[in-house]
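Structure incoming, see below.
Labels run A, B, C, D, E and F following the written order; every chain starts at residue 1.
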């Protein structure tokens, strides 16, 4: 009965196919559940929908001066 | 205050309209909460974003030989 | 290590930029965690994917007669 | 394949038993999925872990003067 | 940046330790993200908080007659 | 209608009270929604239920030799 939800930036279907297979195998081996009990959901995020340390992913590699301007906006 | 999150494959708006209404009614009747307290979120999944038993939904009805090829890839 | 998931109707990137920055600042100040420990995920919902009080958001401002027709459908 | 997550204040097991049964029936009827495809997770929240309109549920019925004191703290 | 949420029945810490390590390794290898970018949350469910096919896990192995009695209750 | 879910290590109720109030204020100001539309859920995690970089939080400050022993187990 493990239910796995994975948020990630967009990835090709091949990656999801392999991850689904291998994460399921891992859970079956470690938890001793039947494979059919494992459900996996991938949720792809746009780069503007994820932030670490207060900075959106889509802003992460922008030159710092622009970035500061953007953040100053709205205050 | 129940908050309900439903992951499902894409469905027409009519289905969501009926599910939202009936699940809310159910919760109001069973939990005795006011209807306005019930929030429901639908999240539609692409067939490549959901797996059961380690197999992506989009691969589920593929002929087995192709499928095995796909899974063998990436190791 | 706080992980924040926010479901909301679609908003411009500027709103998410400011919310990501300010919610992170709030958590750092109140919980005394390092900024890099805070992760924020925005999930935008379509108006047909959210219901309060049993009514989909996309139906909320429709004239009542239509709305009743819609809800009667499907029984 | 619908996966349903329900956050709610603590409820007796009888309520969950009925909700699990009836929500599953609803989904099967409306979405035409097999019953075994429906998974439901209940997550019970403590009253201090849920807020509406910025007020924790555990503070909701407190007399207003105390409540304001509490909220003023921490600024 | 993958964020993984895993709902499962209670398991000893050793299982979670191994799953956390191996799922992280899998994601790093397949998605080419740095290990520090992977966050994993385990949420343990009580047997009364999980249902498949409309039946709570805690009712799953009960003799059928009792089970039917329980379900009939509350209508 | 924003719904906010926050996973965090256990914190005193005072912290949640302030966070609920201030995150709601932020969302109201930035998104122009009514305060009653904002719902916030806190989910406290045990230290054995959260991992970053493949290491459970409860193992994070353990001396490295023990830690390696633990991880080697189970293969």
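Rule of thumb we're sticking to: contacts are C-beta pairs under 8 Å (C-beta built on N, C-alpha and C of every residue); 3 or more make two chains touch, one makes a residue touch a chain.
Bear in mind that the values here come from a model prediction, so they are computed numbers and not experimental data.
Under half of the residue numbers at the interface between copies chain D and chain E are found on both sides, making the touching surfaces mostly different.
Of the two chain pairs considered here, A-B and A-D, the higher C-beta contact count falls to A-B. Set against the C-alpha centre of chain F, every other chain centre is closer than that of B. Annotation: 18 Å between the Cα-based centres of chain D and chain F. Annotation for chain F: residues 1, 3, 7, 15, 18, 23, 30, 39, 41, 43, 45, 50, 52, 74 touch two or more other chains.
Pairwise, the chains that touch each other are A-B, A-C, A-D, A-E, B-C, B-D, B-F, C-E, C-F, D-E, D-F, E-F.
Every residue of chain C that touches chain B in the complex is listed here, in rising order: 7, 43, 45, 48-56, 58-59, 70-71, 73-75.
Across the complex, chain C is touched by residues 1, 3, 39, 41 of chain E.
If you check the complex, the residues on chain A that touch chain E are 1-9, 11, 15, 18-19, 22-23, 26-27, 30-31, 37, 45, 50, 52, 57.
If you check the complex, the residues on chain D that touch chain E are 13-18, 20-21, 23-25, 35-36, 38-44.
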